[in-house]
Structures are given as structure tokens and as C-alpha cells.
Amino acid sequence: MATRWTAEDLKGVIAVAPTPAKEGAQDFRETMTVDLDETERMVKNLLRDGVHGLLTNGTLGEMATLTFEEWKAFAEVVYLTVRAHNPDFPLFIGATTLSTRDTIERMRFLRDLGVRGVFLGRPFWSELGPDAMIRYYRDVTAAFPEMSIVLYDNPEAFKGPIPTPVYRELAKNPRIIGAKYIALTPKYRADVEAVNGKIRLMPLDSDWLQAVALYPVEAQAFWSSSALCGPEPVLYLWKAVQEGRWDDARWVTQRIEWTYEPFLARQNFREFSKYNIPLEKIRFDEAGYVKAGPTRPPYHVVPEAYAEGARENGRRWRTLVEEVRRREKDAEKRKEVLK
Amino acid sequence: MATRWTAEDLKGVIAVAPTPAKEGAQDFRETMTVDLDETERMVKNLLRDGVHGLLTNGTLGEMATLTFEEWKAFAEVVYLTVRAHNPDFPLFIGATTLSTRDTIERMRFLRDLGVRGVFLGRPFWSELGPDAMIRYYRDVTAAFPEMSIVLYDNPEAFKGPIPTPVYRELAKNPRIIGAKYIALTPKYRADVEAVNGKIRLMPLDSDWLQAVALYPVEAQAFWSSSALCGPEPVLYLWKAVQEGRWDDARWVTQRIEWTYEPFLARQNFREFSKYNIPLEKIRFDEAGYVKAGPTRPPYHVVPEAYAEGARENGRRWRTLVEEVRRREKDAEKRKEVLK
Amino acid sequence: MATRWTAEDLKGVIAVAPTPAKEGAQDFRETMTVDLDETERMVKNLLRDGVHGLLTNGTLGEMATLTFEEWKAFAEVVYLTVRAHNPDFPLFIGATTLSTRDTIERMRFLRDLGVRGVFLGRPFWSELGPDAMIRYYRDVTAAFPEMSIVLYDNPEAFKGPIPTPVYRELAKNPRIIGAKYIALTPKYRADVEAVNGKIRLMPLDSDWLQAVALYPVEAQAFWSSSALCGPEPVLYLWKAVQEGRWDDARWVTQRIEWTYEPFLARQNFREFSKYNIPLEKIRFDEAGYVKAGPTRPPYHVVPEAYAEGARENGRRWRTLVEEVRRREKDAEKRKEVLK
Amino acid sequence: MATRWTAEDLKGVIAVAPTPAKEGAQDFRETMTVDLDETERMVKNLLRDGVHGLLTNGTLGEMATLTFEEWKAFAEVVYLTVRAHNPDFPLFIGATTLSTRDTIERMRFLRDLGVRGVFLGRPFWSELGPDAMIRYYRDVTAAFPEMSIVLYDNPEAFKGPIPTPVYRELAKNPRIIGAKYIALTPKYRADVEAVNGKIRLMPLDSDWLQAVALYPVEAQAFWSSSALCGPEPVLYLWKAVQEGRWDDARWVTQRIEWTYEPFLARQNFREFSKYNIPLEKIRFDEAGYVKAGPTRPPYHVVPEAYAEGARENGRRWRTLVEEVRRREKDAEKRKEVLK
């Protein structure tokens, strides 16, 4: 049997994937909307291109709006595709619901399937108090001691951040090995201290260089939904830092930031939070790496100006992919010349 | 077949009920936690005592944390108990979920059971934008043209209020007949104007006298979870206003306010929102009108100081029930003397 | 010597006045911008028309942007005009500054002038904590035991409301007799209980009928900046309630609400708070009762769409003044016919 | 005559200084509370120890609560002390008030004194809208074309951040050369792009290493109020980065973070904002580099638990000063050994 994962197993680019949808998925009368072929293709491509981990069924992965049956079908294809390629690949499937018991039902399905990693937020009809948060994670990990958890720390979705004292407590639980972290604020530094290396706090791609500048040991992974627009830029970033090429790392970080400029997330985060799901899917479709397809109801309704910003983000990402390829080719040529 | 309801059918005290739980319901390993006997007793008592409507499975009704099976069993008992007593009684069963399709599945069950009314919030993983809100309610009402909707307008749960322009739009839909309204602010006045009598905006019991002072025609119903601590005080309030006994109406409103004083909802509403569910159940249990039982996970964890405030609220409500009875008896005596 | 005022002296319509400005007052190079003639005319008209009290130099009274010299000149004219008419008229001149010592300097000037009432917010560069709030009001009232204070409770300006426990404490200070209160929420009821009749909590004109419905003894005064658009409607409201004409009171309250409909304050309060000062002055100028004149810098810059909403509010108020006059005339005719 | 400053002149550690107060300064009856001797000593020591710039009279510099006379006396001593040492030293004296005209009066005094730099927030009784913000800074810089401005971008004090489009506009004004910036968020990156090198956006000491990792050209200065606890650690940080000693830079940044751990600013920023002024003065007094003295009213009231956290921060800073000295000595020894 595989040994259990630890924070050390989260290293590199952790992609955050959508749940591809078939034509017509925005219609509430449809019952099986997952594009399973595209799902398989997406996962294969990510593995082939070399991302270092995968999170599914968060916000943009439409955890909220998939039916149970759809979620199961998607999880199965993702898992089997990953397993066929590399059984040790860090895969974390989302299982966040509105209650402890529903989440446990989801995790039981995953466990029985063979899945080892879960990407897990918390119930949020009412915001959970700190003690209830600790209790919730204790309960679900006690029920599945063989599974590893990446926390989903999303203050907009779950009505508040995971407080620093809660991180300190959760870090004592060896089943909790990582967290999709929201943003670099002074709280990030406090949380890095609090988890003491036991939970890998993963910042966003464009935040990562700043994180690694201060915490080179702790900040060895970052999440990226942009990886689903094409992973080259974020893989380039990872490699540049590994090789100490700081100018390259800065260059690509600033270019990534440039692609985000027209995206609503940068202009008005509060408003973005309402249209997060369709806007991510729209930019994926525009970039062309994955066919994310329509958004499931009720999140398929989005103002056109916001949609256009997302498309522009997708187009800029495509441009950046070309820039990165050219830069890599140039660098190789220079090396050959110098031989 | 019964005619469809309109805003006019919401008149009087609309009770907001919990989902009674059996011993041990706080344990996530339990699978059928609903106390169906107590559910039946609770509904019978409310009907016997004369409340004018019933909403179930909102926040305190643990919509979030019941399993689908539990929710169905509870809905069935509530519905059959109501039907046996009065098929026209305004009963609205909660069916809020995280997605359009899951809510439709719930409503289908209710419709097939014979239920005519639904108490309905909106998906809230991401806050819904105004257009998406309108579309969501249009979709679910189009799917069930024979059912009537009471909107659940809870800014804490659903990450924002229903905006006034959305109310204006929803009022054009004859299937939407009421709303559990949050608080008396200037927005309430704007919303009363916007719905133009088509949606009954129901304020909280202790807000109601102020609402009726300005809108005697529009404000003919109010919601009350305190009715589940014993409905006499709110029924007394309703009757006092019907009979133009303003001093009595003021007296009981101020006494109701007095019972709320130690309750966290009055002291810190933001913090209360985290512990809303267990605190309501605790005060119900202390007041003794219904045996609400333990809170389902993960909301069963609550700081003791808050719990004690809830118990004190329950005790004060019991005192108020006695005061109301005495006052009614005294009034009757005075009448007899004057004959 | 005049006896000191108490909460009982605040009864009726308490007008909130601007500081009239001469042409060119928006130019930062101007040094004496107060239109003293218009100031005198405004105060005389308010007294003649029968308002029951006056607050000056709050937000819209441009406390923030008058020079010390201008403020002194304005205060002098206001005070002398009031004194000539009625030395016991409840006049409260604003003296809010960023520090205890600057406010005391202002109050010393007022005291030496003969002014008995001060309209007083609190320092707000940093939000004041509750203990600091209590200490601040204790210090300034101890320094001027002969003066009476109306609290300025403006959560937007001063970065938070006066908390209920602070109200409870301030109510023990006989020098604090009233408060310009922000809005009818459950906190209003808690605060009414907390001050126990010692501080007159004065709601806004359009909130007042709802306040008086629940607290007929306590809620015997309300503030109105709309009085400066022409006081008839709010005086009509006051009289209607005094005479128990509830239908008339409701009618005029709803018509007042109608005038506010296009005003930014009703549509987006947060945004309104940025343009509060010019928008109030614009609607005054449009209504024509007072010539408020241009706004002093830096608050003279306001988007045109907002300005137009303010003008429409002013026009609607003029219409309402006509409606009120007609209604009063009709009522009189009916009375004569019935003689 | 001296040439005017540009963003390039802001390079290194920019200290943020308090206004030293004499015994009894917390008493509102005191009229001249500035400890001018300590002021002179403080400035001399900062210059001697090698900080690269100085900001005075921000929040902790008690801009809000100094009398005009006190502010003038303080400004004079600061300016003359600096001039005697180095007339080109980047000194920016605070002149934020509630109005354009009052600020202009302050700036006139500074200009006449010979001061070349102003540290300038904006009026904030009402939050300034973006157009009003641009107009305000245009007006004051037009009035004093020979002076240079460092923006004070403090969202808590001034009720919101300087929006990115406003930064873009202000960057066109050559008189605006820097900004005391609040925190590293994605907005920081957008603002760096927007100002295009024309405004030096200065982060906090403990944020700076992360800023410089991404923007080595742009992020060449940072602000530090901790410099007033003793400037060695922040000077060490500056030097380490200049010399490419990244491990040392990381070490000292993490140690600085450790000193902040017990400070309320790190635990609850919203609550800290209420007690910002006394807490900064308390930690300065505990660290012992400057005798900041009591806080002027009404900000002298502070809960003891918060005060103790500030003292612990001061003690930790003293410890860190020792650690830095030891580390420097060790490094020198190693160098000598290697000769």
C-alpha cells in the first residue's frame, strides 16, 4: 500500500481544474452534463505537460452545482486517468458540502474508489466558528484516517478565512497536509509560523515569487487555475525559481499579472466573487487548453462586459504561452552557442 | 383542486419551525436523526394554538445539515399532519440547496407529495448577482407552476439581501407571494413600494408593530421563530393590532424585546450568525414548547456563554407567556364586570 | 439665568441646517465664504415657520471645511438671530473636531457667546474605542457644566455607531440630553431601553412614525434636514401625530419617502456618504427654501447623475409642500362646512 | 536653490516618527505638550544612525490631536535640526487636515519655514470620491509648486485606499513623488504598474523583502515606525538586500515579524486601528530609543491587555537590536579571519 502523503508531497505547480460540461449544460433540465471525454483529455494533458498536483471541484470546479451522480462520474474518470499514469500523483478531489454527514458520504465514495486525497472546504450556510471548524476537520479526518486533506481556505465562499489559531490546531493533525491559500497579507506570515511546516500553505501563482522570497523552504508549491489556460508559464516560473533564475521568475510573474489586468478578479474582487465560476470557464475556453464548456445553473448568467474581460485574459494567456516558448527556445540557442 | 395562494393568504403569525432531533443527533455517525413523533406533536400544537402559517427548513430548520432522506421524512410528517387538520393552511417547506437542479429535485418531491408551498432561498456558494437571482426564481417557478413561493431573504446566509430592483421584478411573478424579511430599514420601505402588494414582506415579530404603523394594508403578516417558544405572546400581538388595542400591542412588543435582550442576536448579530442554529434550538428547549433536541453537525459546537444567553431568552419567554395569560384573564374579568 | 435643558426640551421637529455659502465658495483661495445675510434669513424663516429646534454644523453644515473664522462668524449670526426671537429656543451648534482640546476651544467660544447647546460628534482620525468615547464626553461636559449636548451619532462620519453600553453610560450624564440618531434597527430599541428617557434619541423624519408607534413617550422629537427644503411637510407630520390623525401621518410619511426615492441616500448609502454634503446643498437650492450655495472644497466635486437625483428630490419636495398646503386647506374647508 | 525631489530621492529606510510629549500631555487642560528637547534628540539620533528619510505627523505622529501652535513648534524643531545636519535630507512633515483650505494654511507655514516635503493624507469627514481626491491633490500641489508630496495612503484613517486609477492620475503630477503604502496585496502590483516609476510606493519594513523580490527597481524604499524602536534591524535589512545577502534579509524580516507577534496590529487590525496611536507610543517608550511620552486626548485611553502587547513588542525589538549587533560583529570577525 502507498504510504500516506505529507506536506512534502506538495511541491511545484498544483493545478486547479474545472469540470468540463457538454453543450446545453446551462439548462436546468439536463441531468448528465459532464463531458467525460474532455475530462479524460484534460487530465492526461496536465499529466503529460508536467504539473505537480491537481485539485478538483472547488468553486470553479462547480462543486456546488454538480448533481451527486455527475460528481461521482467526474471523480471516477479523473481518478482512473491519474492512476493509469501515476498512482502517486498528488490528486485531491473536492468533497465540500453543507454538512459533516454529506461530506463524509462523499469521502466514503472517494475512499472506496481508491482516491487518497481530498480538497476540502467547510459547511457555510452559517459561518463556522473556530471551535466548530476544528471539530469539523477532526471528525472527517478521524473517519478516514487513510486519506490526506488539502484545506480549501476561501474567505468569500466560506464566509471568513481560517483563523491563525485554527491553523495552529489543524497543523497537529497529520492528515491535513496543505491549504489552497488566498492572498499574501501579514496573516500569511503569521499562518506560515503557526503551521510550522506541517501544512503546505499554497499561494496563487502570481503571489508565489513573493512568498518564496521570504519562505524558500516553506513555500515550495503554489496553486494555479491559469494552468488550465495552458501550464507553460507557471511551469516556467517554477523551473526559473528552482534554478535560481530570478530575472526570469520576475519576468514571468509580471507577465502573468499583465494577463490578469482585464480580469474582474483584479478590478473588483467582491464583484468577481459573484461571477467567479462562469468567468473562469470563459477564460479557459478562450485560451483553448481545455474545453470547459457552459456553466451549470444558476451561475450561467454573467454580464457581457465581465465575460469580455475574461476572454481578454484568455487571449493574453495564449500570447504569454507563445512568449514563454520563444524565451525558452532563445535560451537554449544561447546555451548551444556557448558550448 | 385548491386555488393557488396569493399574498392575501399570508395573514397573521407565520411560525418558523425547527426540525426536532433525537438524542445523539449531534453525532455525525447517526443516519436518521429526525424525531418524527415530536415533529407531529409540534405541528399539531401550532395548529391547535392558532398560528396562521408555517415555514420549515430555513436556517434554524437545519436545511443545510439534514440528509436528503431525513428531509423527506420530516417533510412528509409535517405535510400530512397539516393536511389532516386543514388542507388550506399556508405551509411552506424549505427547499433551498446549492443549485437550481438540486432545488428542483426537492420541489418535485414536495409537489408529488401534495405540498403547495415552498420556502425558498437561493444558491450561495458564490453570491448570486441580480440577474442570476431573477433567472433562478424564474426557472424554479416555471418548473412548478402549481406551487407558491415564500422567498427566504436572509443576507447573512445568502451573502446579500434581495435588492429592491430584484423585488420589483419578482413581484411580476404570481407564484411568488411572500418573503421572510430581515429588518426594518429604509430599504424595507423601498421594497414595500417595489412589490406593490404582490409579495407579502413579512417582518420579524418585534419589528412588526412598527411596520404596521406605516403600512397597515401591506404589513398583515409577520414571521416568528419565537412562536416555537410558545405562540401566545405573538398571537396576543396579532389580536391586539386587529382590535386596535395599541397600548397592548406596544406592551407585548416591548416585552418581546425584553426577552431578546440576553440573546446573542441582539448583542452581536454577526457573531450570532455563526451560532444561529444551536442557539435557536437551545432557547426552544429551555422554553419547553417544542423539544427541538440536539443540533446536527457541524453546528452543534457553541460557546457556553452564548448558550446561557439563549437559555435566559427561553426562560424570559416562559415568563412572558405567563404575563400574557394573566393579562388576558384580567381583561376578560374587567369585561365581565362591565357587563 | 436660564435653567438647563433636559431631554424634555427636545420636542417636535429639529431642523438640521447648512452653512450658506457665497458665490465662489468652492474656490480654495476664498477666505470668508459664509453668506451671513442668507444665514440670518434662514434662521428667521425657520423660527417663523415653527420648527422646534435647530442643529448646525454637522456633516452637511460643513463643520469639516469651514475655517475657524468662518465658523465663528456663522455661529454668532445664528445665535444672535435665535436669541432675538426666543432665548429658550433649543439651538445646538456643532463643535466636532479631531481632538478633545480643539473641541474645547470651540465650546469656549460658544459658551462666551452665550450659546447653551452644542451638537457634538467625536474625534475620528482613529475610531474611538468605547472607553475613550465615554472619557471624551465626560471631559468636555465637565469643562462646560452649563452647556447641554446633543450627541451626533453618525456611524459613517465617526467610523462606528455609539454602542448601546456607551449610551447607557452617557445617559448618566445630565448634560447629555439628546442624540441625532441614524436609523431604526433593533439597536434603536436597545438604545431606547438603555438611555431610560434621559437622552432623547431623535430619528429621521421618515423613520419617526415607526418610532412613535412603539415609543410614544420616548420618541417625541425627530431631526429633519428636509425641513430646509421647506418645513411644512414635517410640521404637518408632527401635528398629525399630536392630534392622533394616523392616516394623515402615514400619508405624509409615505410622500416624504417618495421625495427621497431619486436621492442617492436611498439608492446607495455607502456611495451617498461620499457626496453627502454637496447633494444636500444641491437639493436645498433646488427646493428654494434656503440658498445653501456652493460646497466648500474638497467636497464640491460631485458626479452629475448624483446631482440630478438631488435636484429631483428638491423638486419633489416642492411638490409635496404644495400637496400639504392643499390638504390642509381642504381639511379646513371640511371643518367649516361641518360647523 | 535646491532642485526638486523625485521618486528617486526616496531610497532606503524612511522612518515614521512620533511627536514626543511632556509629562501630563494626556490632560486636555495642557496647552503646550510637545517635548521639544526630546524632538531634537530624536531627529539627531535618526540622522546620526543613518535612516534615509523621515515622515512626521501621520496617525502616530498625532496630527489629529496637536494644537496648531504645537504642530508649528514641533515642525520648526524637526526642520531646523534636519537642516543643520543635511539640507537635502528627505523630510516630509504631515499637514493632513479636514479641508483643502486648512491644509493649505499648514503648507504655507511649512513653505515659509523652508520645508520642501509634505506627508499628506486627504480630508476624511466624508470619504472623498475618486474625482474629488484627484482635484484635492491637484489644488494643493498647484498652490505650492516648489514642494514635494509623499501621499499618505491609509485606508483606515481616510476611509478607503487610493484607487488604482487615481494613482495612475496622480503619477502625472511631478510634485507627488512617493506614498506610504499599506500592504502587499494584488492591488500593490496593479499600483506599481499604474504609477510607472513616478511615485515611489513604500511598503512596510516587514513587507519590503517580498516587494523587492518582484520589483527590485521600483521598491527601493520602505517605511518603518519600528525604526523609532531603534533603527539597526531595518538598516540591517536594507544593507543586506543592497549587498545581495538574501539569507540575512530573510532572517531579519522573520525576526521583525516575530517582534510584531504580540502586537495588536497583527492580531486584530480593525481593533488596532482604534488604539494605533497610544500603542505605537507605548512600544517606543518600552524599546527606549525615543521618549514618546503620553498620548494626547482623547486617544490616551487604552485597554491594558493591548498596552502589554505593545510593551512586549518593544522588548522583543530591543532583543532583536542585540541580535543584529551580534550578527554584524560575527560577520566582521569571519571576514577578518578570512583575510
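Note that the chains take the letters A, B, C and D in the order they are written out, and that residue 1 is the start of every chain.
The definition used in the following text is that a contact is a pair of C-beta atoms (placed from the backbone, for glycine too) under 8 Å apart; a residue touches a chain by one contact, two chains touch by 3 or more.
Quick caveat, the model's predicted, so the values are computed rather than measured.
Between the Cα centres of chain A and chain B there is a gap of 39 Å. In terms of their C-alpha centroids, the spacing between chain A and chain C amounts to 53 Å. Annotation for chain A: no residues touch 2 or more other chains.
If you draw each protein chain as a dot and join the dots that touch, you get one closed loop, with every dot joined to exactly two others.
Applying the touch definition to every pair of chains gives A-B, A-D, B-C, C-D.
Chain B meets chain C in the complex at residues 183-186, 189-190, 193, 206-207, 209-214, 216, 246, 250, 253-254, 257, 260-261, 266.
Against chain B, the residues of chain A that register as touching in their complex are 28, 31, 59, 63-67, 98-102, 104, 122-129, 131-133, 135-136, 139, 143, 156-157, 159, 273-277, 296-303.
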